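Below you'll find the structure, written out as structure tokens, and then a few comments.
Letters A, B, C and D mark the chains in the order given here, with residues in each chain numbered from 1 onward.
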Amino acid sequence: MVIVMAPDATQRDLDEVVGLVTTAGGEAFVSRGVNRTIVGLVGDLDQFEALNLRGMAGVLDVVRISVPYKLVSRENHPARSTVRVGGVPIGPDSVTLIAGPCAVETPEQTLAAAQMAKAAGATLLRGGAYKPRTSPYAFQGLGEAGLRILADVRAETGLPIVTEVVDAHDVELVASYADMLQVGTRNMQNFALLQAVGAAGRPVMLKRGMTATIEEWLMAAEYVAQRGNLDIVLCERGIRTFEKATRNTLDVSAVPVAQRLSHLPVIIDPSHSGGRRDLVLPLTRAAIAVGADGVIIDVHPQPEKALCDGPQALVDGDLTELARVMRTFPEAMGRALT
Amino acid sequence: MVIVMAPDATQRDLDEVVGLVTTAGGEAFVSRGVNRTIVGLVGDLDQFEALNLRGMAGVLDVVRISVPYKLVSRENHPARSTVRVGGVPIGPDSVTLIAGPCAVETPEQTLAAAQMAKAAGATLLRGGAYKPRTSPYAFQGLGEAGLRILADVRAETGLPIVTEVVDAHDVELVASYADMLQVGTRNMQNFALLQAVGAAGRPVMLKRGMTATIEEWLMAAEYVAQRGNLDIVLCERGIRTFEKATRNTLDVSAVPVAQRLSHLPVIIDPSHSGGRRDLVLPLTRAAIAVGADGVIIDVHPQPEKALCDGPQALVDGDLTELARVMRTFPEAMGRALT
Amino acid sequence: MVIVMAPDATQRDLDEVVGLVTTAGGEAFVSRGVNRTIVGLVGDLDQFEALNLRGMAGVLDVVRISVPYKLVSRENHPARSTVRVGGVPIGPDSVTLIAGPCAVETPEQTLAAAQMAKAAGATLLRGGAYKPRTSPYAFQGLGEAGLRILADVRAETGLPIVTEVVDAHDVELVASYADMLQVGTRNMQNFALLQAVGAAGRPVMLKRGMTATIEEWLMAAEYVAQRGNLDIVLCERGIRTFEKATRNTLDVSAVPVAQRLSHLPVIIDPSHSGGRRDLVLPLTRAAIAVGADGVIIDVHPQPEKALCDGPQALVDGDLTELARVMRTFPEAMGRALT
Amino acid sequence: MVIVMAPDATQRDLDEVVGLVTTAGGEAFVSRGVNRTIVGLVGDLDQFEALNLRGMAGVLDVVRISVPYKLVSRENHPARSTVRVGGVPIGPDSVTLIAGPCAVETPEQTLAAAQMAKAAGATLLRGGAYKPRTSPYAFQGLGEAGLRILADVRAETGLPIVTEVVDAHDVELVASYADMLQVGTRNMQNFALLQAVGAAGRPVMLKRGMTATIEEWLMAAEYVAQRGNLDIVLCERGIRTFEKATRNTLDVSAVPVAQRLSHLPVIIDPSHSGGRRDLVLPLTRAAIAVGADGVIIDVHPQPEKALCDGPQALVDGDLTELARVMRTFPEAMGRALT
């Protein structure tokens, strides 16, 4: 942490800053410049945060240098991690395809989507039983009935299940069915939910908030990790920008950046970022090429009848092309398709 | 709702769109242009949404025309509403000052802050017992002990209490102490929480998500209203932009825009938007001048010791100036300070 | 400037950094922490920038501490400046109203708009003869014929003229008619234009780029100042954000922030930021209340016939209310209406 | 174009809108809904724009349906175009590698960079002689001396030259040396410059403004095309967002979106978007995989001595990996490396 003193700070202001830091058990290194003086702090940064140094007389700015997360940081854990979901690995040696319907609607639709997904190379099944929707008038999911459908389809196809949980008090129930719990973009800073999934004994997929910085995303992962669960997969799904041609702007750079800062696997959701079917395959290729550890894709047997996000679901012909992409691009990256 | 057909759409594509809409009970008006054809839809828009018209052959775009919220819309309720909190009005005839500490820390600190607030003209006391924090290592609030402190300070000062609730399952407890429930910016789309506060029998202050559009904010209010609670006050608190000089960018335009779209009162939080003490008074003046129905401000007797957001809390000298602003600017607007 | 060394940086990496800085004539102060080492640099920062320190082995990050502008900085010129335009002051003691048509169309329209402006309290006339337009098919202004109309209207009304210049090679011509040269939002980083207006011997109004940080805006002003012209007025006119309800988001916080960083006057354009007539008066009040040194407003005698931005121009009834605002709010701020 | 009438619009308001449109030579189709009435317009949209329909009594909103660009639109030119630069194609059948130094500094540095570029597969040489810089104190380029160096290196290596022009009045000079003129991100809406390069008889590379929508980018291309020059290559180079971990956010989705809207080739600049060397190769792979028609990359023989953007230039070892990427990924896309 570095404190920048104002040009008109007095010696007394400086002494008080140094005194406060050393009283708190830290060390303060003073560098005097022509125009201004800076003070480098060494010690327990969380404690320094509590000192309100920014509010002291003569202090112009306080610049944090260290990253504020620990358990998920690569500094403390240099090797990149592999997370296993029902035996399926997500990590640096492979590219994992997760696919399925946005929302579970009926047993037939879910089974058909799962079979389409599997044929294209998917090893994990996605599907939502609880849907957070901007409008209270939109379809909100089947709830536990949807979880039972997912379990039946898992039994039929052998694909482990990834499904979203939206309320801390549903975590235990959802975890009793699911192989991996998904936390959605709107809940990335729902801290009660993060703590609950951290304690649930299941791997967690943490979607990036649509307006969260990479640092905030890693801090949210730290909330999960704090409860003893490091089986976390980060999922980039597009951020909110001024551009209106796409629903969100897929931030592919976030993959190498997050992989450098954290040991956790990072995957991409090309379906929700673009919100348009014609963008899903180009963005899937880009995701694999940029180094994502997997992709999660919406498929639907009859998207024109989907109750949620039909316009972005892949259909029959697209799946053939998806299968081709999954055979070609992981190989170009020197990775196996799991 | 308007459907824009692609330039190469066929007559059959058009017929199918019109057929689907009329089968669903709607009416379709076709306008043929030189380059393209558009179809205007009349009927139940929620039903049209479920048709996945965007996915049909020959459809280029679907443009929604109506607003998607109803209960909070000014179309259905032209007069602007006044919400009463423990007898204190927030509405179009007045400017209400809500002030207090960001976080409740001790009985002494809370009482001192409440007295500062009251002296400056505040008629409602703010104070957080549950704090959502980006870092799991930061102070998270005193919980129920904090609520008890707030209740004691209310008894002492007569100021009704506004306090945040962050988990749906704490709503009943918090509502047993509070006069108004606050939903914070990170929880604006925590739909379980919105539904719970909607059913709690207390007025609700709904902060705008730091990256929510005004339309999404009104949709979130609709979630509360759907549970039978229309005592909702909207609070603009700054949005996330590329500008780094301020913590967030206060969107003052949101006040007249939201007041035109919705009958609900709209207030401004000048403390959290700027994140800097020196901006609080200028932004407070701007808030009143743009037409906000109130402001909510952090004050702290010793901000250098605050456990949360000390750098933005007003202190002694600032309060004198705040009192002056509250005497002058509401009057220039032809409004009473409540 | 502070260099943050990577956790795995070697002593040799550190020595090379220190050696390079001292060879370049600077001083390097090393602070060793538990997890990382930081190096504070003192000396000529422009020279340090050229060293590519960020690319050296073992360097994790380089954090600039000083502001990169000099002539426009308040550090070197603590008193806030007043700029005079044809004798009319824009500065800390007053609120200046600049008004007129977005584009000069005819002598009659320009004179009528000028008279409306003057009646509402305006002391400077705005009006565009050169219009930068997103579409090449839109009206681009009358050019020199428009400048002649402005000069005639000045003679008739006594109002000095503020007008935009969009090409470096028109600067001399425009300066021969205008009292103040305006650089528009799309040209804020047109450096050839900035240098030309810096040398033109006229006061300059520099609009903030719609996606420029405050720092970039001040750097653009530095380009003008470098040519010997410190008669610069900064104009905030809304920034681009995700919100679609308004054309741009007026960043009122930019006024106190820029006034603290720079000695230059700062005004607000409430017409272009909102892009809607119903927002102009609320944003004008907010502008004055936040501390702007002036406002610049579109007026038009018949906005429904305006060739440019008619939807945001104030008309007859609005002007009466504008006059009332200009009598009331500067006074509440303890300032004179110039 | 669709006009949405307000819920309280009168029949007379509606009649006036219809009358104005038909008087202007257009047709108006009225659709009456339960809550509101919409009017579809058919005819010359540019003329409708000038009518200020939005300002008429009873009009709530005006929604534009058609795209506002024509010459660059794919509607009027369904086949995707190939642009030839000194004989080198940029278009749908190939992936073109453009590489070279950010700035031309010396003959030796430029030649060395060109040889590195060629060895990695580049067929066009980039290099800046005129540099637009945020700070007036930063290196601004060698000017014509730089152009001469580029011409010498072209003679030596056979690589045609792509170089930036920043001022309309330098266009003729730069065009006398260059094979392709580049318009940079800060100048995307410098309309005088766009018109000048449109008339210069050279292919043009048009970088997307860092805060321009795709539609504004295509409108800027239309300015060039209007002057008779359709040899335009669009270049996505990252947009400004709230994320601070990268200099800009590379918007890979813009490639398929722009290719669908326009027939012009679209390439990506992975160097300037990330601003970090470690992101260049991942983003290059993503660029090719998403379907870009080429990439433009900074290389430098000694980036630690670069006068401009050294931290992002590729160096020796990186070039070997770049060459491998250029052999592998175009093939996976079924395209030739030009």
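Keep in mind that, in the parts below, a residue touches a chain if its C-beta (ideal position, glycine included) is under 8 Å from a C-beta of that chain, and two chains touch if they have at least 3 such contacts.
All of these numbers come straight from a predicted model, not from anything done at the bench.
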Touching subunit A and also subunit B, the following chains: C, D
C-D or A-C, whichever has more C-beta pairs in contact: C-D
Subunit B-subunit C separation of Cα centroids, rounded to whole Å: 31
Chain centre separation (subunit A, subunit C; CA means) in Å: 39
Geometric centre distance via CA averages, subunit D-subunit C, whole Å: 26
Junction residues of subunit D, two or more chains touched: 211, 240-242, 244
Residue ranges of subunit D touching subunit B (in the complex, touch as defined): 2, 4, 7, 29, 31-36, 38, 40, 42-43, 61, 63, 65-66, 75, 211, 240-242, 244
Subunit D to subunit C touching residues, read off their complex: 46, 49-50, 52, 54-56, 68, 132-139, 166-169, 186-187, 189-192, 210-211, 216, 219, 222-223, 226, 240, 277, 303-307, 310-311
Complex contact set, residues of subunit D against subunit A: 211, 213-215, 239, 241-246, 249-257, 260, 273-274, 278-279, 282-283, 285-291, 328-329, 332-333
